[in-house]
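In this document, chain identifiers A, B, C and D correspond to the written order of the chains, with residue numbering beginning at 1 in each.
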Amino acid sequence: MTAKAHTAPALERGYARLGVLLIAPVIVVFSLVIVYPLLAAIYLSLFQIYTPTLQGSFVGVDNYMDLLTRRAFWSSLWVTLVWTFGTLSLQIVCGVGVALLLHQNLWFRSLARSLVLFPYFLSTVVAVLVWRWLFNDLYGALNHGLMQIGLIDMPVDWLGSMPNAMIGIILVGAWKYFPFVVIAVLARLQTIPEHLYEAAKIDGAGPIARFWDVTLPQLRSVLTVIILLRAIWDFKEFDLIYLLTGGGPVTSTQTLALLVYQEAFALNEMGRAAAYSVGMMLVMLVFMIVYVRHSGREG
Amino acid sequence: MSPRRLTPAVPRRAVLGGLAAGAAVAAMPRRIVAQDKVTIRWWSPQSSPEQLAAYETQMRNFEALHENVEVVFEKTSDEGYAPQLAAAFASGEVPNVVTHLPSFAVSNYWRNGLLEPFNDVIEMIGPDKFYEGANDIYEVDPGQYAGTGIGNSAANMMWLRTDLMEERGVEAPPRTWDEMLAAMEKLQGGGIYGAPLPYGRNSMTTLIFIGFIHGAGGMVFNPDLSVAIDSPETRDALEFYKAMRQYCPPGATNYSWGDSLTAFVSGACATGIYTGRVLINVNTQNPDIADHVTCVRYPTKSADIDFWTFNDFPSVFIPKAAPNMEETKQFAAFLFDPEGYIQQLHAAPGHVLPVLQTISAMPEYQNNPIIEKYSEEVDKMAAAAANGFNLGWESREHQPNAKAGEIVNSNVISEMVQRVVLNDENADTVLSETATRIEEIMNAN
Amino acid sequence: MKLLRTVAFNLFTWSLVLLIAFPLIWMVLTSLKPQTELFRIPPTWLPQSVTFEHYWRLLTETPFLIYFRNSVVLATATTLFVVTLGTVGAYSLVRFRYRGRETLALLVLFTYLLPSVVLIIPLYLAMVWLGLSNTLMSLVLAHTTFALPYALWLLRSFMEGVPEDLESAALVDGATRMGAFKDIILPQLLPGIISTALFTFILSWNEYLYALVLVNTDSVRPLTTGVMSMLISAFNIEWSLLMAASVMMSVPLIVVFAFLQSYLTRGFGAGGVKG
Amino acid sequence: MGQVTLTDVRKVFGAFTALEGLNIDIAEGEFVALLGPSGCGKSTTLRMLAGLDFPTAGTISIGGRVVNDVPPGKRDIAMVFQSYALYPHMTVAENIAYPLKKRGMPKAERTAAVQKAAATLQLEPLLDRKPRQLSGGQQQRVALGRALVREPKVFLLDEPLSNLDAKLRSYMRAELIELHRRIGKTMVYVTHDQLEAMTMADRIAVMHGGRLQQFDTPAAVYDRPANRFVAGFIGTPSMNLVEGAVRDGTFVFAGQALPLPKDRFGDVPEGPAVLGLRPEDIRLEQGPLQGTLRLVENSGHEQIVTVEVPGGTRLLVRAEAGRPLSMGQSATLAVETARLHLFAPGETGARLGRDPGGAVVEMAPRQSGGAS
């Protein structure tokens, strides 16, 4: 017994076994629903495949050559970047701004918070429907309202022409997702110690200086994470854009996710779609690594 | 074109097997299929409440005749059927009968070896009951049918408001594009737009615009399926379509079928472009104008160019992998049983027109308030649809085009319209690029 | 002076709040307008006559309730499945030491990057192999692809917020690891679990793309695709019905939200966004 | 029963060795403090005793039983955490009853035991409260109560007083001493506060850098520090340590020479060494060293004076209160040579020479000793 105790920390190994046992279901499910489809996608990207049958012939890296040489991928990448950057910055600015307002003493603050946070919890389908109805050229409230207050004389075509369509999706995206920023920032604001503000006040800082010197640095860690998360999600966004504009006019709002969908299910080019999506992931991966490195160094 | 070329060298199992190799799931047992009862799954993207009620009748009638059969209806959608069928074919879990998809989808699936020959079903229905030539479009090889039509539709009828025409001094429906523009000038105004033409990046714009190409005397493909879109006629069509933009509501840049229809039915536009569905919608949603609507075939560039009616030939077909093939075929044929078929047609009177001449003649079919009230319009549409074409089959001389579905879905033609009309790009450049892209799609796979 | 400032601030903030909430208000108003009023040009701001016919039609003439039930079952099952796996998994990731743990944590982050579009077809094939095609279970598994990484990530930070000493104390007091997990950690983690469950529920409730491709029977179709395919078709866009459906789709969320809002915000504060 | 033995215990975290060759032998009923700066391995040692960490090598036994593979709950120990680790969702009564519940004690007995422990610690009025409704001192007592109630063989206490304010801390210190006296159970007490260790423990294990430096009674640790580290660590203000060399029976530094008593240091070889002098062993009197007063800190009952001797070395000197001293003043220093210490050079240089009793100091730190 003594000899055994000398060599093997059996208790520790027992715990490690338990730990593995506890994570095992997650690993099994991950393998089934994530790792396997991912490997399958990479595998499919080496074939030219007719989607309905998944019949195809091996073409090696042809699909990737396509990706590099055809304009479609790159222009969609650009659209994706414009959309991601546009909607993300709007989300952050509005999110932080509204969070600051809602952090103050406000009448019926709880109700105001609920109203502001609600768009985030709304189904994308519902959000899109409501906005399409608002944007409607003939019966839409937006055009009608703008005409009533005299900003425009003729109804504006919101989703069918550029740059309106891009502005439209960016706007709806921001409206739908900025509450996420509000929630997170609000939660963080509540933990900023009051004495920091008092110290800043004693040092003679006005409200604006207090925001830049006290609030913002305190928010930085939370903003780093939010930006990362939201950037990934916005980059991947499919439902909202697909249902709002379908990628049009022409391909002005066709992001990578839509391009992949179109290749896979409209053109029945599953192999190329898989290659595009692998490309899409690589782009995201690169951005993420750069971002994590960068913010890691600063933080 | 040979079907061989479309079926690549590697058999299906090669890819699937490769997929399976890495996956533990391959070893899992398959679902145990219920034994005694035979289940027939029926898919369609057309499912308005009235149509659903009609389907219900058809299914229950069939079940009453076949005790061991249960028919379930599963709804798909115009936007969703492609991925859903793709997933279904890929997995082998296919529906038994699919209806109301455009004819070119049928030829596409056929070319890829996914469909069961339909000859048996046509025999069961009775080939002589069909309108003359009604099945030509489904005759993929001589004497070999991939499916049949469940109906006809005349999708690009021009709908008119007679009250407005009178009020604004438009004496007769326009016949040519010049007359059309002149009429638009008069009809637009007072909060009413001229026409709800679609400029969206979607299939409606593609399909409608193909009608305008033909309206200018051009075509997308030559009969041998070489690309013919880069032509002066297409330029004319683009020019006219561009000229029409100012008579369309601002949001027309995003219009698809539903928006375009509603724009006419709600009274926002003086003319419309749609099938006979307009009739029922006007009567239920805007009865005020119900007595003032009529339809004509859509104008062409000049009077010496024939009308070209777009008929997407709503189809019926049977996937090859469908189980219980015997019952499936019986059911497919049963869809044309007069009682249920007429109810189905009545669900949207004038929208889906009968493919069996025996039905058109029946008093049960004629005995419907809408069909009675608008008998002239319905006849006009029936005649137009019977001579209709679509991208899968542009004229009697054309070979069936199995790639039509991909071309429509790729939006290459609606993008062309958008680039010229909305973005003001040079038509020559756009046309030659469009031709190249269509060729690419034709050569793919 | 101070009062004036307060009033001005409140007016400003509340007009902003109402502006943000306007689409929702408009949705409710539209759902109460009769069809004929809907397409009036120019539109009316407030309904001239209020009708509940759209709600009535939705409930009696359409499969809305079936979709609704499916969504409830789907979102609940997904939530239970994901939160159970996530809680146990997070416990393992945070409180146990074994080889590969760090790699695994990194992998969770990586799975965020996977676009749903990529996973659909292979996932569909997997579902067929499992005999699950066209079932709610297949959607539960599909939703797991995005819900589990997120839940795991959230729960991991919540777990890190539970002092390790508590577990140690329980061990010393005679509990086994699982005993300590049940007696001590779970109660401490509860706000985090509730918060994660809410997010998961909402993600699953609102998902569209998988539902579009993976199921095609009304009996298992959830609300998102059900409502879209039912009401937006080539021959009609039933805006009033759509708005009524939108309102009703949002009702459960409103209920959840009203009761549990503090969990959402507090949960986030407790460590959800620390990373 | 309650003896605790660590034999050749080693603990490695990845590339970092936290503990090396640790041998400690604690007798039944003894109160032992593990003392050292943070990161010295004392908490790891305690956690290994509790079964919360695992030795990489070596044996741990409690009550004569090797417990390496025994889970914490079966080791018959109780532990009080620095954070108290009270279960926030349980009431005070439930907290105290939890270990009993886990041992399957019937409810009635549990309630009785809780009542008894609560009475001992004057917790009765608090039994229905939740921990967050208690003050720090009350929480501390609940944590103690939870440890007491199960009557373990050994108590492990991990800096239990460090979260309390100074006044409460000295009160609780007395309480703990009293408690130990009353129940007579083995206690292992981790602290970085030498005052706690000196006042409470029967023996102190001074640790540094993952090694045991000295394990002895408080008096021995103070009077006969085993090495330079212990010498510098124990005592407030700390011992003056002066680098220099032994030459000709004197300690030479900065040009000064201090004679070394021959009976104690006659055997010390010549060469570099470190001289240790406690502030109270230097007096501001006529003596061999010259210096200038640089800083005078008067704490009321005494004054601590910093004296700079030629060569720049500064020495702390303890002087009685009330004596007129001012900065800049020059002074001579007398040294209690009988009480000076000599260490080998290096951070943990060993004690050199003989103890006043005459025995040669062992070169290695003393690792065990009998119960005092």
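Basically, a residue touches a chain if its C-beta (ideal position, glycine included) is under 8 Å from a C-beta of that chain, and two chains touch if they have at least 3 such contacts.
From a predicted model like this one, the values you see are computed outputs, not experimental measurements.
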Least hop count linking chain B to chain D through chains in contact: 2
From chain B, the most remote chain by mean C-alpha position: D
Which of C-D and B-C has more C-beta pairs touching across its chains: B-C
Inter-centroid spacing, chain D versus chain A (mean Cα positions, whole Å): 55
Chain B-chain C separation of Cα centroids, rounded to whole Å: 37
Chain centre separation in whole Å, for chain C relative to chain A (CA means): 15
Residues of chain A engaged with two or more neighbouring chains: 12, 32, 36, 40, 44, 51, 54, 138-139, 264
Residue numbers of chain D (touch at least two other chains): 51, 71
Sequence positions of chain C contacting 2 or more other chains: 39, 41, 120-122, 125-126, 228
Pairs of chains in contact (touch as defined earlier), listed by label: A-B, A-C, A-D, B-C, C-D
Touching residues on chain B, where the partner in the complex is chain C: 16, 19-20, 23, 25-26, 28-32, 43, 45-49, 72, 74-78, 80, 83-84, 86-88, 90-93, 191, 256-259, 261-262, 266-268, 277, 281, 285-286, 348, 351
Chain C-touching residues of chain D, taken from the complex the two chains share: 47, 50-52, 71-74, 77-79, 81-83, 85, 87-89, 98-99, 102-103, 146, 150, 156
Contact set on chain C toward chain A in their complex: 6, 9-10, 13-14, 16-18, 20-21, 23-24, 26-27, 30, 38-43, 45, 85-86, 88-89, 91-93, 95-98, 101, 104, 107, 110-123, 125-126, 141-142, 144-145, 148-149, 152, 177-178, 202, 205-206, 208-209, 223-224, 227-228, 239, 242-243, 246, 249-250, 253-254, 257-258, 261, 264-266, 268-269, 272-275
Residues of chain D defined as touching chain A within the complex: 51, 54-59, 66, 68-71
Residues of chain C touching chain D in the complex: 163, 165-166, 168-176, 179, 183-184, 187-188
